[in-house]
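In what comes next, chain A is part of two complexes: it sits with chain B in the first one and with chain C in the second one.
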Partner chain A sequence: MSVPSPARSRGREGASASSGRVLPFPVTGQELVLLGVIAALWLVLGLATPAFLTSGSLVPLLVSTAPIALVGLGVTVVIISGGIDVSVGSIVMVCAAVTATAMTAGDVPLVLALLLSVAVGGALGLVNGVLVAYGRVHAIIITFGTLNIFRYVGLQVFDGSTVDGIPATLAVFGRGEAGRTAGVPHSFLLVVILALAAWVALRHTAGGRHYYAIGGDAHAARLAGVAVRPRVLLAYVLTGLLTGLAACFVIAQGTSTLAPNVGLGLELSAIAAVVIGGTSITGGRGSVLGTVLGALLVQTVASGIIQLGWPSQLSSLFIGVFIIVAVGVDLLRQRGRSSS
Partner chain B sequence: MEPRPQGAEEAHRLEMTGIAKSYGAVRAIRSGELRVRPGTVHALVGENGAGKSTLIKILAGAEQPDSGEIRIDGRPVGVGSTAAAIDLGVATVYQEPQLFPDLTVAENVFLGRELRRRGQVDWVAQNARVVELLELIGLPARYATAPVRDLSIAEQQQVSIAKALGGEARILILDEPSAILTDSEIEVLFGVVRRLVATGVSVVYISHRLDELFTIASEVTVMRDGETVGSYAIEDLTVRRLVELMVGGTPVEATGRRDVPDVPPLLRLEGVSSGDRLTELDLAVRPGEVVTLYGLVGCGAADAAEVVYGIRRASAGRVLLDGAPVAPRSPRHARALGIGLLPSDRKRQGSFSFQSISFNIAAGNLPLLSRAGVWVDRRRERQVAREAIARFSVKTPHERQPISSMSGGNAQKVVLARQLVERPRVLVLAEPTQGVDVGAKEEIHRIVRGIADEGSAVLVVTTDLGEAIRLSDRLVVLRAGRAVAEFAPGASQADVLAAAAGDTADRAVPA
Partner chain C sequence: MTTSAPDRSAPSAPTGASSPEPGRGRAGGASRVGSAVLRAVLTQRVVLLVVLLAVVVGVFWNLSARNYLSAPYDAGYMALALINLPPLVMLGLAQLLVITSGRGGIDLSVGAIVSLTGMVFGLAHGRWGWSLVAAIALAVVFGALCGAFNGALVAYLGFPPLITTLATYYAFSSLAVVVTAQQPISTPPVQELYFLARAVPVVGEVALPLSILVFLVPTVLVVWLVTARTALGRRLYAIGTNDVAAEWSGIDVRRTRFLAFTGAGLISGLVAVVVTAQFASARPDAGTAGNGLALPAITIAVLGGVAITGGVGRVSGVVLAALLVVWLNAGILLAVPGNAGSQLQLLALGVVLVAAALLNGLSLRRYGGA
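Let's turn to the complex of A and B:
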């Protein structure tokens, strides 16, 4: 397209007028709606229970959101690429078990503990990635299989009991005073930074954009010259790495004892956050910012219900409704698009 | 299904007269006529777009005619729905077997009209009836309870015929049944058809393989441009004559034979084979030249394109680029070699439908549009999209429009633009104007010639005769996986079609 054309000059003028976006999903739509819903919930909760809008209530909320949002970031990339990863709960379990055991065995510095957990997570993600990208079986089957296998591995590490006497090395990501700066929890801050980085990478780098193409139509992406399989593999490795980091948050947020039920069901919370965040479960569309907001919404509901003194099982009901509403809205938007 | 006596001239099983059908402003059929005698095979031929599919759809109840009359066994009938057609004894077998692979043959044959006894499926009666049908079409009785998945394509097609006959058909429509079959399988199919005809069934047989009509049909009706040209006894015709009737007298204006520089070829295929679908194809495309591979569906031209683009590995022979052997391993590798592809079936292979125009153009070119190969330069990306929109006159308000909301021709231009962000050394186009309106077709042809003029070697694969003649500097006709003829620009449609359809007399004009 080296031929000069009238469009070039017109393009320059238009650039300032238009929002200049290439992808049809900037920070609008679902993300703004979510932000509004969260704000409304906080306002209502603040009015109903004055204690809600204090740091004593908001900090635990943000801290407990962090691991779900972090795992959700990876799962978002996987789902955008047209896959899914239901093994993340088991990856958290293995990473937490290995890291906590190492920490109790000797004096493990913070950085080493983090690296260990992230490396274990990356290795497990690599297993998922190789099987999904190079096998011919759907990701849900592969990761459902590894969910069980990883759980077995984790139970071996726990060896039938709990891990006790974990030192407070990771307290910098915990609920306590050590876990925040100027009132902001480090774990949540780190999640926000990573989410912004992922957001930029997905929208502005060639590799990130390829995930949308692959999820939209893997065959078309291949014909367009995208290296589909290495890309897909990387998405699962990335998820493993992030999940390894999330495992450190989980250790830091707990007591000095780690029980074998750690990470159980985390994959469902993460997927709920992704779907509520507006990422299409069929792939090709979505945003990591939506996922962070989705995770925040899920935790706000859970926390708010406790604050209000309502029965805690109500949170399942609300999350279920949010998921269906989010998917319904997505379907309606798609239908609107195809009919226009 | 008693054989009827061959009575007077009027004793037709089926008479369709004065049929007209328009889709909006497009007149698919202006005057369609079809008369079929009982117990005969009647061929229906015509080029793509001649109106034969529409005529068949009307007969099968899938479309309603604007005017005209249909009589079956002399009685005027209304075919208001496909169910009505089946009740009238009109059964249709489409090209691809429409069967459920995991159900048994018997279950498939009776799907939707299960024989019941006291509210339950009567398996015994069903299987007994299927065995009868299988006998009729020449398949072993044990197939009744075999899953369709285990059958060959040819056998599946026979099952489709059995399914169609399950409703006591008097008229059986076979829509290009031979297109997906091998020669020996076609023999089996013909055996089935002959057996059915012997029981009094009338068969309407649609095929592009004209030579086979002389083996199986007794009469031919020719359609052209939405009109029935006439009906003929097969013994009065030759393939050559049939082709002339199909294409009529109007020549296609060739726009090829621009000045192709006399330089060594850029792309060469030497003895390239791909399984049994493509056999020892030799081909050379020079820079600035548009070479077209033309043939009927299944002729192997599409396979040749897939070999060049690395989707399919050649089982023999080699591909040379600029004299050096290359073996494209994947589309990605092909692109790295400077080979671009416009895939056929744009909806399934070409586009990311809910993404914007600029996303679609940038896909596959992102490293090129990025700083350091990583960071996408959004401004350039938008600019490239806008330039493409202007250059190819894509009708759209802006480059952020999702491609799913665009017409076929515009979407095709977008997918084409993706290949041209960086001018490819070799551009392979598969069915570049399929499903595209006439105006967009012209524009796409102009774009393709423009690419050649800029020095790319262009290889077009098409089943559209007019396109093949209009676009080519050189036209190679494939038949059953082999190159059978080569034409210079300005070849007559009849010559080209005759070569593709299997005219044994060699009338090809060497280029």
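Let's turn to the complex of A and C:
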């Protein structure tokens, strides 16, 4: 329950009155800029290393982008509502551990494994949601705590070793030839479809608009009749469900072995993707399409640095710089809006 | 686990204790004492922490006496465990400064600053042959510069602290790894620093690690003096409580917040020296391995009564909270040996953080300020 600054809410009012439009333009400036940056990066990388613009390099790039973008979709909704979720990396770990164990030990069919992973993710998201929505403590503290608690649960499932001999049924998500349609891995296609659905839901349904209202000013939203707590709760459950699905992509991405460090630090990439995609970390503004582009940019940088032969840890430095630039651009835009 | 039990019972207790307030009968007198105790436990974080410390130590002593532990949990073991205290207390104090400055103040980058400064310190002392004092001075200045970078972005440019320090966490930890191509520095001058982690006798039988005396105690004293006894400290609490009111009363809000982040960086730089001495090696992942040092630091600050909304927090609470975590962790290692024990520490840290945060919120709502 943060008290929003009066200056910001006044600025928002002014903006919507002056433009005379209820909804903002379908595609934000940040998304166009991102598209340009990604195109430029691909061009530069293509010129620097001839191998970059081949399917042998772009397909793994899309496969590795998919889970981050998918987790990012949920985190976008959470951040738009004014919260944050740093426990998603641990949720990926628990879901991946449970699903991989079920597939190796129980010989569970693909559909059931997917449902299991999504259900486990949803349950963990519910824990976050209940604590954040009804505990009246800021989300960063709650999810920082559950990050550790979930990691403990995951380590118990792993029981001190790796999960070996995972069957190849998950290859349908994009690792092999069978996992692609027209050269695009299925996992990435699925993410694009889900992102479009989330984009429509956030923009054009009352429930979706409520998240922007809560992030803009939770108190005003409550007075206007928005059921703030159930909405916030739902955002974390949604994030858990999507993260559960993303965990299956992560399993499919690797070999037949799953190590306990799975998902470690994934929350950083996801939050970076969301912020670089133009979602305001203070809540109230943002778009899921930007998040997908942000995830693509983050992974392009990571893969580009490896292909250039630079130390792979250098990609974190670039991601950090990108986050600061993205937040700076957002601040400038906010200032421009409140002064006009 | 033991620590969360009293927290759980707290919400249900007040309803019975405070309802017969108007009645002046015998029951009323008893409940007034009860509610006064409850009030003290909920509002005076130091009281709660002392109670929890007594419970934790009592439980482990009891287990030890019945031979449930893999080694005796006695005064010697507890003193030995204090080697983990300096980094936790010092980084908890760094969070105290930043969180108390308000407006969502938090510093996720402290662990990364420790890693990066540790490498700089290791290079200076271990490779370039700087004297120990000069290298420590360099570490402190370098840490303060890292903190000042955060502070400039947050205070002067208006960046949200959470995402800013997340970004600098990325950047600093990446630089720490790249600067020596992932190689730790453990040349003889760095190895000799281990004397700082050795225990020295203080009073009679009691021996404490040297780093507590050389680094921890001075840091605690300085932070306490600054926050509780100087105008700068008063300004820090003022901007954390209400920065608009502070601005109107003539306080330079931006400069104060900038100094809070710089101070956190400075302390982190000092922690880098402590951690390097403890490992006898400057490691590029010293502050970021696993879940890093930021999580325990924030947990200890919140458990120590620092309100995440700013303006509330005391040095004594942070010190006691760190002591509680250190002795709890040490006990868990004896009760559940090996890998399972260190995993259980993760769970305990997470549960303690969530429970402490819920408790902070409860006591703030019930008594309007801790």
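In the analysis below, the second predicted complex is superposed on the first by the 317 of 340 C-alpha atoms of A that agree within 3 Å, B and C clash if a C-alpha of one lies under 4 Å from a C-alpha of the other, contacts with A are read in each partner's own complex, and residues count from 1 in each chain.
Assume a contact is a pair of C-beta atoms (placed from the backbone, for glycine too) under 8 Å apart; a residue touches a chain by one contact, two chains touch by 3 or more.
Nothing here was measured: the structure is a model prediction, and the numbers come from that model.
Chemist: State whether A:F144 touches chain B only (first), chain C only (second), both chains, or neither.
Modeler: A:F144 sits against chain C, while chain B stays out of touch.
Chemist: On the A-aligned overlay, A:L317 touches which partner chain: chain B = first, chain C = second, or both, or neither?
Modeler: A:L317: touches chain C, not chain B.
Chemist: Return first, second, both or neither, reflecting whether A:G207 touches chain B, chain C, both chains, or no partner chain.
Modeler: So A:G207 only meets chain B here.
Chemist: Answer with first, second, both or neither: which of chain B and chain C does A:I281 touch in the superposed model?
Modeler: Second partner only.
Chemist: Chain A residues touched by both chain B and chain C?
Modeler: Overlap of chain B and chain C footprints on chain A: residues 2.
Chemist: Tell me, which parts of chain A touch chain C in their complex?
Modeler: 2, 84, 131, 135-138, 140-142, 144-149, 151-152, 155-156, 160, 268, 271-272, 275, 281-282, 311, 313-317, 319-321, 323-324, 327-328, 331
Chemist: Which stretch or stretches of chain C touch chain A in the complex?
Modeler: Residue positions touching the partner: 104, 106, 153, 157-160, 162-164, 166-171, 173-175, 177-178, 181-182, 291, 295, 298-299, 302, 308-309, 339, 343-344, 346-347, 349-351, 353-354, 357-358, 360-361, 365.
Chemist: Any idea which chain B residues touch chain A in the complex?
Modeler: Contacts found on chain B: 309, 311, 330-332, 334-336, 341, 343, 348-356, 358-359, 362-364, 366-367, 369-370, 373-376, 378-379, 381-391, 398-400, 402, 404-405, 417-418, 420-421, 423.
Chemist: Using the touch rule from the top, collect the residues of chain A that touch chain B in their complex.
Modeler: It comes out as residues 1-3, 5-8, 10-11, 14-15, 18, 20-24, 203-207, 209-210, 212-213, 216-217, 219-227, 284-285, 334, 337-338, 340.
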